[in-house]
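Both of the next two complexes hold chain A, though its partner changes from chain B to chain C.
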Partner chain A sequence: MRSLLSRIGTLGIYGVALLLLAVGRLVSIDFLTVSNMLTVLNGVALLGIVASGMAFVTYSGHMADLSLPAIMAFSGIITVASLPLGLGLALLCGIAAGMSVGGLNGFVVGRFRANPILWTLAVAFFMEGFMRFTWSNNQVYPDITPGSAGHAFIGIFRSDIGPLPLIIVVMLLMLGIGQLIMTQTRFGRESRYIGSSRAAAETSGIHVPRVVMMNFLVAAFAASVAGIFITSMNKLGVFYLGQGYEFQAVTAVVIGGVMLSGGRGNMLGVLGGVLVIGLLTNIMTFMAITSFRQNIVTGIVFIVVVGLQQYRLRVGGRSDQ
Partner chain B sequence: MERVSKQYPGTLAVDRVDFDVRSGEVHALMGENGAGKSTLMKMLAGSFDDYSGQIYVNGQPVELRSPAQSCDRSIGMVYQELSLAQPISIAENLLVGRLPTRGGGFIDRKALRREARRCLEQVGLAYLDPDTRVESISQHEAQLVEIAKVLGRNPSIVVMDEPTSALSREEVKRLFDMVRALRERGLAIIYISHHLSEIFELADRVTVMRDGKWVDTRSIGEVTPRSLVQMMVGETIEAFYHQREPKLGEVLLKVDRLTRHGFVHDISFELRAGEILGVAGLAGSGRSELARVLCGLDPTHAGDVLLDGTPLPPNDYPRAVANGLVYLSEDRKKEGLFLRLPISRNILSALTARHARLGLYRSGRDATIVAEQMKQLQVVATSSETEVGTLSGGNQQKVLLGKWLAQKPRVLILDEPSRGVDVGAKRLIHEAVIALADRGTAVLLLSSDLPELVGLSDRALILRNGHLIGELNKEQMREESVLLAANGEMGQ
Partner chain C sequence: MTRQTNSIRITRLLNENRALLMLCGLFGVLSCTAPHFFSLQNAATILKGSCLNGIAAIGFTLIFILGQLDLSIGAVVMLCGMLTVGLQPTLGWGGSIAVSLLAGGTVGLVNGLLVVKARINSFIVTLGSLTIVMGLMFLYSGGGSKAVTDFRFADWLERPLLPGLPLMPPIVLITLVLISTASVVLKHTRVGRNTLMVGGNPETAWLAGLNRDRYMLGGFILCSLFAAIAGTLFAAGLSAMTSAAVLGNRTLMTVLAAVIIGGAMMTGGKGDVVKSYLAVLMLTTLFNGVGCFGQGFEVQIFINGLILAVVVLYEAYAIYRHDLLKGERPDLMREVAEGRAGSSIDGDQEGEMTMQQRDRLPLICLTIVAVVGVVAITAMYFHHSGKGPMLAATLPAQTEAGVDVFALCGTDGQPYILPEAATPTIPPRPANPTVLAESEPGHWWDVEFAGWNVKKAPMPASPGDGPSGKRIVLLKAGDHPYWTAYVNGFKAMANAYGMVPKIYNGNWNLDLQAQQTEQAINERPDMVVLAPVDATGCTPLLRRLNKAGIPCLTSNTTPCDEAMKYCLAWTGPDDWGQFRMLARTFADKLGKRGGYAVVRHMPGSSPFFARTYAPITELGRYAPEMKLLAMDTANLETEKTMQLVSAWLTKYGPELKGLILAGDGFSMTGTLEAVKKSGREDLIIVAAGNSKTGMDSVKAGDALAITYQSAEGDGAIAVHSAAQWFKGESLKPVIYLPKHIITGADVDSYMPAQW
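Now for the complex of A and B:
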């Protein structure tokens, strides 16, 4: 009975997505077209990539990594700055730079049990200052003369694989691989145990600091990949790229059924959450609702979903005392 | 209190108990851990809104379903754990909830200090400044402040739950004088203690509880330490003697001068394959601390733990588990189990490393292992996917044990393996432990449950204040266990 309920819980988000498709169709004739659906996917691809990493932080009981936007910007800037080394090496440098921040987060939260929200908030603040200071508050431009590494770099966001843009393929790949990692690996299993009860995970012989570190590394990796795409899209690297993605990603993760308190959910649900956000945004755009008001709606959705989760926990929580 | 009962999920903590206390007497309440003493007293304190039975105060039937109702009936509780707020002044702690105010809700500092000083004088702490913060006074002073806080409300019934646990000999004497003075003033005092000597010094009558049931109420002149212990443990000591001839193998675990400052001092012993070694000692004797340091959950300052002659790296519990040295935590809800995960995931939780290859988890044997453990320990649940948090205490404890049995450990450290479980679950747990030892696992059994300890162990170590102060073999345990208990617990 319970497992049936939880299965509906995961599928439920797809029910919401279907509902939104119907609503969208009512709002506009042009809504349910292949090209508009591609627009929706394109619009949420960055979010999906960030969410695929954020999900691991939430799943393992650490709520959210608020430094992911800073990591996105940082990996983008470093990639652009390293372009003289060649595109491949530059991409590696960018991802390594982003992951080094994630490694620091994971180390401090895993070993010293820092509060993940406060710690990553501080890191985000620090990183912003660091980037502005180092690059003197300037944007960093790649050299985009045809044939150069920079030219190839800005092409990343604009390339297709078959009928689909590269970024959509990357998002689907990362969510898919994330699903496998979450359910089929030792790391994924141990993350769930830690998310359910860190103390019990410790007394089960799980190497908690190491696994927590990995969770933040995975999140930083995803954010770095997203950072490369967003930098490629903007054709420049700058400290504020990525702002707002932390909250949107947690929202997608949480409405996708990953409990904010950890230990529950999966990537399939996260994909559903990402799609719902994309559809919602798209419909609101069709209805000519400005982006500020869209933010208000996203905020309300988050509050309602978290409220429902907490309510369900409390109702089912007689076991806790 | 007439035929009062309190049901916890899975256990009947207090089962139709009759209890009375008269004004001007000290009535001692005794029983082993889990006998239901504290639950009975919590009923008086108004902690439960779902007890059954009837409580009378001064002959009037009363409802004590909230702490406020209990307070209104002039019932005061001195708890075992301190309930003082550390960063706040003594005065404010004493008068919390009834702070004297002047107009406009401002606190009347003068009245506050005067009233606080009056409370402190009652417990012989007149020398303390009421403005001192609680965190800067000593543990035993805090204990006395706690008592002052209760007396300050002028109760007519006072419950004291192990009030001497933090006090020195001298302070205990002062406390006793105080209790006697309160008795003279006509208060009714209910006194819970494990120390027989205190009971005989102080009490007028004594009531014994066992397994949630009332056993007997006698005046103190009618009982001896020996008869009291008999009442407390019942026939269970004999019943728990398992006829077992341990087949001892080679030394599996060697603990050499293990030390963690402030907790465990210079402890050495050996544990053989197939042996069940008991560890006895009062709360605070360092039992759990020893276990946690030994298996690597807590850091070590000195000494070695050798498994099969190879030293284990300190403070590396995952490594210890990988090598077959595992620890069953005493706190199943906080540390032992994942309450929100199903039974299956709990049983498999210590196997993630062993069942993984190149990082991939191989779930092939999962179902078999879970089914095997649930069957052996007779876990009662609708399915293996039932959330552990919804099970009864006994079944939770079985799942916790099953998690470690599934590991096929070589050394198993059990910390209070049957705390708060019913008799049936206890028996199953004991049988599983014996079967495990018979197959060659070395078992270290930490328990405050005397019959369990004496019944299961082949020999026992005695701890006090983190020091190893003695060792008993099976024969000595048989002869001396009652005596030890009579001495107010082992190792005292």
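Now for the complex of A and C:
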């Protein structure tokens, strides 16, 4: 009985999603169409990719990585800058650049237990200054003459796999693989222990710094992939791409039932959270609610959903406060 | 042994006073090196500039002491500032301040109840309330700014209490009083010490019978209240408030950094209001000093990040060491501190190695960060001094006699400036524009024709000796590729006239631009060109420049009518005129029929209105059969625009015939993606220009037309007008850049794009 309750709880966000689908259907007949659902997915695909990485940071009890936007912009700029080396190598360079920042984060937070929020905030400042300075606040344009690596690069965001755009496939893949890693691997279980109690994890012989490092690396990898997509989408790299994604991703992760205190939740919930955010925005645009009011509604929905989750946990006697 | 203990004590002393030490060190270094830094006026500028963040930091320190976080302070600052200025005309200062403080307190109460009663993590609660409060602020302001024209209160706040002592205007005094009161209450009263105990050691506090919930609730209310006071004082000091969200976000980030540097810990129980204020002062000094060098925001944010990183690392390192030694005997701990740990605890060679390796790692890491930082800063210094304004002074001053400024061309091959165009005809002002509907052109008369009929305040007289050798300061709005091109044009024209340019970067933050205006005044340049961050919020800045007797021009975005009083002239693109032309091109292509939608600019900017209502009002006259289906902002972000336009395309289907975009960069990219996905090929798209993305779209036939707004010309025309004034020529109150609509027919002559 209890496990049933908890299963409903984890996937409760899908209840919200279903509710939104029903509301949307009432608002407009065009809402529940394949093309509009693709629109919704397309709009949140980038968010989903970032959230799939952020979820690991949150899951292992490190709240949030505020440097993810900087990593997105950095990996994008590096990719564009190294396009002369060929597309494959450029993508590798971009991802490596992003992950090196993640590695630094993971090392400092894992080894010295620096406060993750503050450290990643400092890194975000640092990286912003660095990128602004190095590229003189300019946008970096790839050479997009047909046949060149740049042309192939901007095609990344615009390509399809079967009926689905590539970016949606990548999002679903990353969330799916993330779910497997989180629940089925040793790394996932160790992250969970660290998130639940770092001291207990240490005592039980888990090499905590290494696992934390891995968590931040996974987050940086996801952000780098998102950075490549956002750069390809905009056809240019610039230091402010990705701004705002850190808090949006935390919102999606937390709505999806991954507890900020760590050790609880899963990637299916995160997918639900991402979908709810996309559906909500879409419905409000259909209802001609302007973006100012959308802010208010989104904020209230966020607090209410998370509040209900907390309430459910407390009733189940498993509150973490 | 004693020496060792002493060294530990000294380290601790240094660490505990690190904010003060950093402040003194930074102040000392900058006084010796930075031009125009060391003066009483500049010290006053720094003190005044740290009021907003300083007061907000009080509440934030308190929340830190309680082991919580409040991300909503930036939004509260903006909402309360907006309420103060917005309600003043009806309620008077007393009433409006009371209402805004009440609003701030209410936000805190809600935050607190959600944390205490619903037991939701404060990070989540305040992340949610951040969005909500920001939304309320936008809703109240309509995405514009608010201002009062009664400057008496603002003047009182800024006026030095004692003549000859500029350091202590009331606004600074209020800040200091609030800080010392908070500090005394926290340290020397029972409530204050209880608060520290609740945050630092909840179990003991519980055993001592303290009501944790009550302290938490009080903490959240006070935190929002202090943020409200900060916002209220800021808005009152300027008599204006902007709705550009950057102000709130930067306030949050700066205060967060300052509180950490000041020594508060996120785990709770530790924090000092005075030290937080010192750290705020330190960061303000840093921004001020870097500005004195004429360096951009990149250097400031870089150093800010570096300092924060070192502090966070140091804290982590201290705890790490502490944890390593936890449970050991004190004499052993001392021995460990002396580096003899391994041998005394355990003779095992292996154990010793790991201990020492573990010990060294943080030191190595710190050293690496420090070395990278020093190298980077040095590199930046040399890099910039090679081409920056510092060297510009030593360049041989060219006389303008040899240079034909009209022949100078930008990177797009177009001339920077054209010989003066004819003065446009200005329609008569309606009796009361605000009663007209927003779709009536008359409603916007005051915005569209701001400055044409304004009665100027007394202006300084032109020296009449020509522009050569004159020092001209540009207060630019922020960093953007457009602004990089703008500065190129500005510098090229200044060079042609033999003027010495210096540039401050406001980073879209009204608080920062206000400080930089004072810095510019302290430098006493021959001319200031202000590119306002906010159309209304720039009024007090221009007024200060005018009072100081410094001639100034405004540039780029149109300031409000009131602001035009205090400047010689405004130069820049005729946003309204351009968009009227664009709208007519748009309507002609559509046969003056069908529905259309507008993707708006960023709220808080003047194009947010100009590029929305110029086409709407123009189409209302020129093509009354066309129907406005929807309009909204997507904050100029690609994926938001894509979501927005996709939803519109689904909702309106074939009814939607065309789109008007306020930007041709990310808005254009997002729109084109959405259109492509929908399979529509008949949509007509026009946009503000002219970036590379926009021109590529016009060339590819995806977009019908964009406006021609030369960024380099925008910078050049400001300098050109300044030069004319130095020569003693009279200036028109409003000086427009040439107007043109770029279509597929002539797009090639505007390539390559400037940005």
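Quick note on the criterion: the second predicted complex is superposed on the first by the 293 of 321 C-alpha atoms of A that agree within 3 Å, B and C clash if a C-alpha of one lies under 4 Å from a C-alpha of the other, contacts with A are read in each partner's own complex, and residues count from 1 in each chain.
As a working rule, contacts are C-beta pairs under 8 Å (C-beta built on N, C-alpha and C of every residue); 3 or more make two chains touch, one makes a residue touch a chain.
Source: prediction; values computed, not measured.
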{"item": "Which superposed partner A:T185 touches (first chain B, second chain C, both, neither)", "value": "first"}
{"item": "Chain B versus chain C as contact partner of A:S159, first or second or both or neither", "value": "neither"}
{"item": "Which of chain B and chain C A:V306 touches, first, second, both or neither", "value": "second"}
{"item": "Contacts of A:K235 with chain B and chain C, given as first, second, both or neither", "value": "second"}
{"item": "Of chain B and chain C, the chain that contacts the larger number of chain A residues", "value": "C"}
{"item": "Partner chain(s) touched by A:L121 [first = chain B, second = chain C, both, neither]", "value": "second"}
{"item": "Touching both chain B and chain C, residues of chain A", "value": "319"}
{"item": "Sites on chain A touched by chain C in the complex", "value": "28, 30-31, 33, 35-36, 38-39, 42-43, 46, 63-64, 107-108, 111-115, 117-119, 121-130, 132-133, 136-139, 141, 158, 230, 233-236, 238, 244, 247, 250-251, 254, 260-261, 278, 281-282, 285-286, 288, 290-296, 298-300, 302-303, 306-307, 310-311, 314, 319, 321"}
{"item": "Interfacial residue positions of chain C with respect to chain A in the complex", "value": "69, 114, 118-121, 123-125, 127-132, 134-136, 138-139, 143, 253, 256-257, 260, 266, 296-306, 308-309, 312-313, 315-317, 319-320, 361-362, 365, 376, 380, 479-481, 483-484, 603, 630, 632-635, 637-639, 642-644, 646-648, 650-651, 653, 666, 669, 673-674, 676-678, 692-693, 755"}
{"item": "Footprint of chain B on chain A - complex, ascending", "value": "2-3, 184-190, 192-193, 196-197, 199-207, 263-264, 316-320"}
{"item": "Residues of chain B touching chain A in the complex", "value": "9, 297, 317-318, 320-322, 326-327, 329, 334-341, 345, 349-350, 352-353, 355-356, 359-361, 385-390, 403"}
